[in-house]
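Here come two complexes built around chain A, the first alongside chain B, the second alongside chain C.
For the complex of A and B:
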């Protein structure tokens, strides 16, 4: 809606190598703290992780919270981007 | 069945371990996480698979027992219930959550390159060594608080055929599983590459556990070998001390396998005995199976840059796991995947301690992670 003219700012968290369940715990913490900005399209949460459980749980949880989620396998890890849900961001 | 051939025992153990490690990595089948998440995220989605595994094992064990394939029943090394099971279970619960994995989870995570889990593994070995020194203090407590002798399982305590106790448990569980299935709770959506549905891993590990019981006379267990590795390292470093540690002289496993006539004998001492032949191939197999899985997916990576607080937490968790595995005695895999399916009293008490332990662990883990996370915010 209002976010078309602005490039969203990235909240980058690198959780590679960290103990379980750090990825999910920190991601949820960030989503709660930055909820308004992400929902307005001003910010995006960008998570680097090698935790397979987090790659399973974060997309499901964030989608249930109404966000759009993209998972990409990078070199030896995964990048999960959580942003506000818009009709174009679907799929 | 194969207990008269050390070679076949090594072969069977390695293959079972390789397969288990591979599957656990694919499904991220973390038992510590299953218990932790009840408290941390109020989520039982992974615990469901453990329930499926336990009930599948229960059915398979009982079928094998009825067919006469389990002449050693209850299995060797399973002792009488005591207060030690609850206390050991509690400390184990705290430790496994802090370590980010139980005694098996630590292995498969380490196999995939986790430095945190490698640190926890070191803690496990050191913790086992510490227990060996404390054993003379702990053993009298275990003896003084032992109850329900001579019964080792609930059916024995009640004096009835196991089928009569196990059948209602299995029947109720199956009704619950069907309900989960109807609510679409069994299949998990995952974008992790090569993900294997955890219910498949649950059933596969149940089959591997039964295979182990039929082939070598015992279900899956590994922790005595952690103490053994500690004893071996001490033999290299302080050989004269090892001979004075009473715990390393004991042979808790001392039984003739009725089917093969083979003498299964062993303990935590530094010698290569039946315990080593049964457990070490399994340990090595789990680590390598997971490494293999991670390499195939291109996910194998060693990350050294981890928050120091997490390293200390994993080390402390490993130490607690090592000590608790001997206090309890035995680990979650042995009790959940071996003892619980035959309703062993020790295992029921172990779980009674494990749950509050996991709760305490989840509090600690949340504090450590959210207090010390490394974050980089950039444009």
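For the complex of A and C:
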């Protein structure tokens, strides 16, 4: 199934050094602007942040908006990936 | 004041709003300009205150929205007013809310759909569903459940399940309680006393966010029919097992891989494997029918049967080697187990039967038939030969007496006569094969018979006999002469095989043969005689043939000794078998049926009476009836020599006519010698009946080449006064006539 689809393009935002709620607002702004492409699975939002609050607020808000969210802890920051919701991504 | 100065002051006041307004004299010519500037400055101050309030309002609203979103308020230093306005957080949040609402709407739609689906499942599932709260109160139930337990859905909500389902007769354990105890879904089956139906009940918990069980879904499935079917299958299985247990054949069932899955008790007995041991083992290991030189290899047979196009197979005879090494002969049928004509076999069924006893019987029958066919031939030859010998012996007897002055000739003739009598013994042996040679039986003391016959046989040889005979050995009803001959032959055989001499053990005991005995004997009481030698033994390939006529391994043997033994024992309804090991020795086993009657007192007479050697002269008229001219001639001459006057007849008819004529003429015959068998004419038996009608006191002696004919054995029952088997010596003839005629005188 995946082979039929295009690999989604990343929208990268580096928010390191910035705190909530500015980080959240920027993330929401991107989700609003790229809404159609992300919902179609053509794009994914990839956020780098070192603010602990952001790793709660961004995923909660994105999920409320109907997206699927993955948070991965990297060496010195967190990477939050927001993508289209599919039944598989729920797992 | 100059204009430049006023403009400079106005700029300073604008930059510093708290500063006082322009101070200028009312009469200054630039006073109107200053007033205008002061108005503008005032207006600017108000506008600035309004702007600040608006910005604060916006920040307040943004913070409010951010709180709704779930985050902290914006700090003023984070974004200055211009950036704030430029970023447009309210727009962003509003746009995001659109997405959130859209998502909520979609989620609600999905929820509604899911609810509908659950509702459909609730009603369409085959089982009855009951939803209970934490207090076992009914929250809802589907139609199926209402049907099952005959309740109305709207009336039972809020009632306890024990009131509605169990009706006070609680089943144990309660599925709800079990689910609570284990904390997970449980499945169990139980019969409900309210309707005696069998249900399978699944009780599954529904938990809230705090993992507390708030609801329980109970699914009831009626499995009464299934359980009844299961019971029927179990009964059927039991019946099949009983059937298999009660049939006489061994039955083994395999799976498609050829491994044993089932076997009955007969199969266990025949193979020596218990079902437990055989289970899962390859069938060829359990039914070991593989043998060198045999065409039936188990694995070949099996790979064929388990192939797709396999059919029924029957092997009429094959050796089966049991677990303990015992070999049996079986008949084996193998059939594939198929569900359809073209389907691959799911396994195979093997049915086999122990035919060892049948095969032994068959062999016995074959041997008997061989001996019977020989008997027909032997009987005829012996009869003709005895007739010839009668003439030879008679003539030699006469010649010997005539040549009594010439000792040399008399000696030669005596030797010739002896040789002729030995030839008679050989024909006597041949006659035991003959069909008519039924044994002349008497109740006999078996111990005495065995001992005397054996002792007579080994006297003068290098062997000695050791007897081990039960004191209470049952008597037997046998022809003593014939059984004596059997024992004689066996002891002679032992003597021959033990060239250096040694001991022959002769044991005898009573045994009972039951219907399950593999030996081909009618069930009953028998005596068993073992003749055990320590000789060369018999080669394995010869052992099946030693009882066949003319089979011999001895250079000088004629191959009749053991077949005569066999024939005699068969005629006595007994059995003779042999076991032998090359280099160790041979044992013959004789089985003779025990007599029903007790031993008569006088069964002690000697078995070997001495033959008379004296010639008795006599007088009187003798009629000789014989179809053989040679015999008539020699009889005539011999009787004349003995002093009798002789007349001759060729058959019964002529003899009757001559006897009748003699009676009518007043010169009757004193004795008649009749031949028992006249080919194509009236024989001695019938002629005697007529002669006795003419003269009930007629003295008639029967003579025959069939020395073993029952009439010869029981001659008095047929009206004869004496018997003289052919060939006979002059002494014997004179003796019998003297005896018969003296009876007549008495």
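Please note the rule applied: the second predicted complex is superposed on the first by the 85 of 91 C-alpha atoms of A that agree within 3 Å, B and C clash if a C-alpha of one lies under 4 Å from a C-alpha of the other, contacts with A are read in each partner's own complex, and residues count from 1 in each chain.
Convention: a contact is a pair of C-beta atoms (placed from the backbone, for glycine too) under 8 Å apart; a residue touches a chain by one contact, two chains touch by 3 or more.
This is a predicted model, so every value here is computed, not measured.
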- Check chain A with both chain B and chain C modelled on it and let me know: fit or clash. clash
- Thinking of the overlay built on chain A, is A:59 touched by chain B (first), by chain C (second), by both, or by neither? first
- Message: Contact-wise, after the overlay, does A:21 reach chain B, chain C, both or neither (first, second, both, neither)?
- Response: both
- Is the number of chain A residues in contact higher for chain B or for chain C? B
- Message: Is A:9 touching anything from chain B or chain C once the two structures are fitted on A? First, second, both or neither.
- Response: first
- First (chain B), second (chain C), both or neither: which does A:32 touch? second
- Note on the structure: Of the listed chain C stretches (22-30, 76-84 or 634-642), the one clashing with chain B is 76-84
- Query: Can you list the residues of chain A that touch chain B in one structure and chain C in the other?
  - Reply: 19-22, 24-25, 29, 53, 60
- Item | Interface residues, chain A side, partner chain B - complex | 9-14, 16-22, 24-26, 29, 50-53, 55-56, 59-60, 71, 73, 75-78
- Message: Please output the residues of chain B touching chain A within their complex, sorted ascending.
- Response: 25-26, 28, 30, 32-33, 36-37, 40-41, 46, 100-101, 109, 113-116, 188-193, 195, 298-307, 310, 313-314, 365-366, 369-370, 373-379
- For chain C, which residues count as touching chain A in their complex? 66, 69-74, 78-79, 87, 89, 92-93, 95-96, 99-100, 102-103, 106-107
- Task: Sort out for me which residues of chain A touch chain C in the complex.
- Result: 19-22, 24-25, 28-29, 31-32, 35, 53, 57, 60-61, 64-66
